Amino acid sequence: MLTDSRSALECPAMSSPISRFPAPRLENLPEDVRARILAVQEKSGFVPNVCLVLAHRPEEFRAFFAYHDALMEKEGGLTKAEREMIVVATSGANQCSYCVVAHGAILRIRAKDPLLADQVAVNYRKADIPPREKAMLDFAMKVAVASHALEDADLEALRRHGFTDEDAWDIAAIAAFFALSNRMANFTAMRPNDEFYLMGRVPKQP
Amino acid sequence: MLTDSRSALECPAMSSPISRFPAPRLENLPEDVRARILAVQEKSGFVPNVCLVLAHRPEEFRAFFAYHDALMEKEGGLTKAEREMIVVATSGANQCSYCVVAHGAILRIRAKDPLLADQVAVNYRKADIPPREKAMLDFAMKVAVASHALEDADLEALRRHGFTDEDAWDIAAIAAFFALSNRMANFTAMRPNDEFYLMGRVPKQP
Amino acid sequence: MLTDSRSALECPAMSSPISRFPAPRLENLPEDVRARILAVQEKSGFVPNVCLVLAHRPEEFRAFFAYHDALMEKEGGLTKAEREMIVVATSGANQCSYCVVAHGAILRIRAKDPLLADQVAVNYRKADIPPREKAMLDFAMKVAVASHALEDADLEALRRHGFTDEDAWDIAAIAAFFALSNRMANFTAMRPNDEFYLMGRVPKQP
Amino acid sequence: MLTDSRSALECPAMSSPISRFPAPRLENLPEDVRARILAVQEKSGFVPNVCLVLAHRPEEFRAFFAYHDALMEKEGGLTKAEREMIVVATSGANQCSYCVVAHGAILRIRAKDPLLADQVAVNYRKADIPPREKAMLDFAMKVAVASHALEDADLEALRRHGFTDEDAWDIAAIAAFFALSNRMANFTAMRPNDEFYLMGRVPKQP
Amino acid sequence: MLTDSRSALECPAMSSPISRFPAPRLENLPEDVRARILAVQEKSGFVPNVCLVLAHRPEEFRAFFAYHDALMEKEGGLTKAEREMIVVATSGANQCSYCVVAHGAILRIRAKDPLLADQVAVNYRKADIPPREKAMLDFAMKVAVASHALEDADLEALRRHGFTDEDAWDIAAIAAFFALSNRMANFTAMRPNDEFYLMGRVPKQP
Amino acid sequence: MLTDSRSALECPAMSSPISRFPAPRLENLPEDVRARILAVQEKSGFVPNVCLVLAHRPEEFRAFFAYHDALMEKEGGLTKAEREMIVVATSGANQCSYCVVAHGAILRIRAKDPLLADQVAVNYRKADIPPREKAMLDFAMKVAVASHALEDADLEALRRHGFTDEDAWDIAAIAAFFALSNRMANFTAMRPNDEFYLMGRVPKQP
């Protein structure tokens, strides 16, 4: 691992600051917010900066992660890798460094594919994905950049690739949620943790 | 009042549907979701369609309104009318009929001004607002349409008009939240309730 | 009525100026220009600011209103409400406050519909209009924002909805004329009269 | 001369049609419209196609040319060559072949410069014009493509180059009028007369 | 001829400079670069400014013209006039004065048509060209302005007009090469030689 | 290493094709082209697909790489890492997967920084680079996406950060060359070699 995640947690602004706003100290956070952050650290080995940056406002933090989990952790017609593809493609269009780097890492892991995230971030039309997922990303990108022009024909195109209307809601809602997330990350100048860059790129050693 | 809100609640799709998705029946909703909807109806005299449309997914409904309230109902450096101005201006840029019409109504009421909402929706640069609020909307619009290009100079411009960095977060977070909201409304083809169009336009009779 | 239209005529700049340019005094205008303005006042109960702002240049005033009447008052395949829809939709795209507010009022009256104008101004694709009028506005918007790309297929699409080529000329000419009008209103910072905002929203009392 | 203008007048659609609409026959036009066309022919040696194309609708024809003359033939702070520069630059931005070719010819003649029109049509920032005229075209282009964003600072920039506010009106009104004209020419697929291409390029022989 | 080309060669910056960078003196250039320039002068009667401007960097000069000749002088499915059309249309979209003026001249000569270049530069959709060449320019323009969105359907459209895939490469490569060339000309503020403006416009006298 | 580069060379289209066009066989290439490709293979351990894809046209291949080397391998005011930053940032703007992935790898190696390339590809404004390099990339991006609007002030901004006008040429020429390169890669659907994705991310073991 490139950095020591424990020191990253305790000294988040040691080198480059993680945000335009001061990162709160864990011990000053409300109990539920701190617990959530520690649980993520337990699972990931480090605290993603989005947690610390948004914890500056605990109420918004709670709503943000409740929304995130409702969309990204649920069961449904989309695989978890497909959900991450939507995040990476639309965050690329919004030029959000944090979300492309962090969710690129998660996409590599969920898809068990070390190449896919970079392809989707730059130009999903050229990525190694089947037509079904190209249609999914066409729809997600229209939600991200031209939602005013969405029309019945766009949902029809999804149906032709086997997506239900509930799947369409999932795709749209993920693109919409990261429209919010990308803007907050760009506003706060949220810095991706160094750990994300390499995650999922190197096959685990036996 | 132009329509009978009670029948609107019970028969939301009588004439034009309120969404591309079927509106749930109140009695089928989880207790907390139904309670919130009934509380809004009690206060407003009708159920805004956004409540019924999003109740299709109770978990997302809860997160959406928790986020909404954290940003729009809180105390802070921005007045409630200013918050609504941000919603109306950015929703106009995103061509979101529901949010322009519904929050236009709320803006008229909060600002006690029957003209302001239409001005802000079409072109806030020509609206009857002081330079401080023009600066606020310049910043909000950059969050809405070009957040990748936000830089320190944009925050500096806010500070010159007396905004604190916490105010900047409020402005950015409201613009970001309605980036989500506008996309969901455009995706679902969410229909503004007829009641909104006239609210706040006619002075109350003595 | 929210303001006294007579005083609005005599003191157009009492509160906010109606234009970046000084409004001329009625008694200093050429006879034909004054007569036209008084006729409008007689009919509407107030003088729309566009008349006073453009009367600054009588020759341009005469050509402007001659063109306007040739397009908006004529008989033909388009109803008067349809003509106003074209004005409201394209003026929304051009972010022209004066034309959206003033012609929004006229649209409400001509269509006898208190809701339609706000819908068309924000996003005509979601307005309560039949496919024929969506096709009409698709064409008008292409004239307004991408006329260089107009091609035979665009006229063919109109014909499929029953429009003749003379109707196509009407649609294009109205969109083109308000391309001019929107730019003059934006240049002069033309202020919509307060009277327009409420016109056509409240059913007449018996 | 490349073509025989008399036959061009009598047989306007001999080779390529001059418009998507049938050109009217001179003898069927109202007397005043025909007289104006014949006067132009007398002066120019041929009938510009814009006359025949717009004569399809005599009332609009009259308003169009009354407006045109009020802006292009008047005395004032702008030279006639400067007025034509505004036409050529904004028509280039709108990709209007007719106006670039026809007014390019007039610009060459009015400016007594065989090179200027092509420079202004492609990229006025690189044209051989002094800073005053660059400022004029900066303003005209903002009227043409982003009039919603015009602000006091834009007029102030003109004043710094010696333009009065009446000059600003002239610049804006010409850009606005050709916003109309470009859209009508693009809609009708108006064809520039062959004569225009060479006019003003070759010095008159002694 | 409007200017004396010999003096243009020896005193390229006599009146207006031909570039933001100093033009090298012929006698200081490497032998092969000088030989190429003299050969062009021999053939054309003057030295196109692009030669002098790029000779500032001999290595880049050599690669530029090797690439240029590989694309523009080769045999193949496209006529030389068609190649120049691609240059003129895409250079117009990139607002490159040098390439529009210089290659406009070459297009007039190669197509033996005094009108075509101006038509293609402003709006190729309205130019006097058959559907095959419209399809060619549709493809070239997509390469020029939205190459990320190219897809199999775009090549399929070319094939329907009889273009082979090798022709598609030619079209794409010419549009790509002039993407480079336009940017260098815009960066250096490269000035078109006066000679180009009139070339190919006047039929040769017998 | 994720794949066996030797088999990649011999069987470039085993899994996904490296281009829309057939890759030539090494033994069929002209001697100088083959020699260059083998030299790259010797140095890198694999053959970058750009070599094989462009070798389809040997003359263009030679010009392309001569130009490339003249810009990327030369001495001068810019470091080699800075040159690669320009490539990565502008290729990101052009959504060119091949150039972002391949030159991202080279940037990591030249800058000895495993994080920089991903930052620059998504949004260079947020990358860990000093103001001098932000100014360099501001200029490069203007060359890439709006070269028509370049003006003296843009060069002045570079000078304020210590860049000479020769450095400005380097920056502009690299951005211009990759405008060409990105379009060819997007046209051919050029596939980045698997090897690039991981290069420069993992510190060498002692």
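A, B, C, D, E and F are the chain letters, set down in written order, and residue numbers restart from 1 in every chain.
Just so we're on the same page, a contact is a pair of C-beta atoms (placed from the backbone, for glycine too) under 8 Å apart; a residue touches a chain by one contact, two chains touch by 3 or more.
Quantities reported herein were computed from a predicted structural model and do not represent experimental measurements.
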item	value
Chains contacting each of chain B and chain F, listed by label	A, D
Chains touching both chain D and chain F, listed by label	B, E
Selected pair, greater C-beta contact count between A-F and C-E	A-F
Centre-of-Cα separation between chain C and chain B, whole angstrom	28
Whole-Å separation of chain centres (CA-atom averages), chain A against chain C	46
Centroid spacing, where centroids are CA-atom means, of chain C and chain F in whole angstrom	53
Multi-chain contact sites of chain B, meaning residues that touch two or more partners	95-96, 123, 148, 186, 189
Chains that touch, pairwise	A-B, A-C, A-E, A-F, B-C, B-D, B-F, C-D, C-E, D-E, D-F, E-F
Contacting residues of chain A [partner chain C, same complex]	148-149, 151
Chain D-touching residues of chain E, taken from the complex the two chains share	2, 16, 92, 95-97, 100-101, 104, 114-115, 118-119, 121-123, 126-128, 186, 189, 191, 194, 197-198, 201-202
Complex interface listing, chain E residues touching chain F	20-21, 56-57, 59-60, 62-64, 66-67, 70-71, 74, 94-96, 143-144, 147-148, 150, 152, 155, 165, 168-169, 172-173, 175-177, 179-184, 186-187, 189
Parts of chain C lying in touch with chain A, wherever the complex brings them together	123, 125
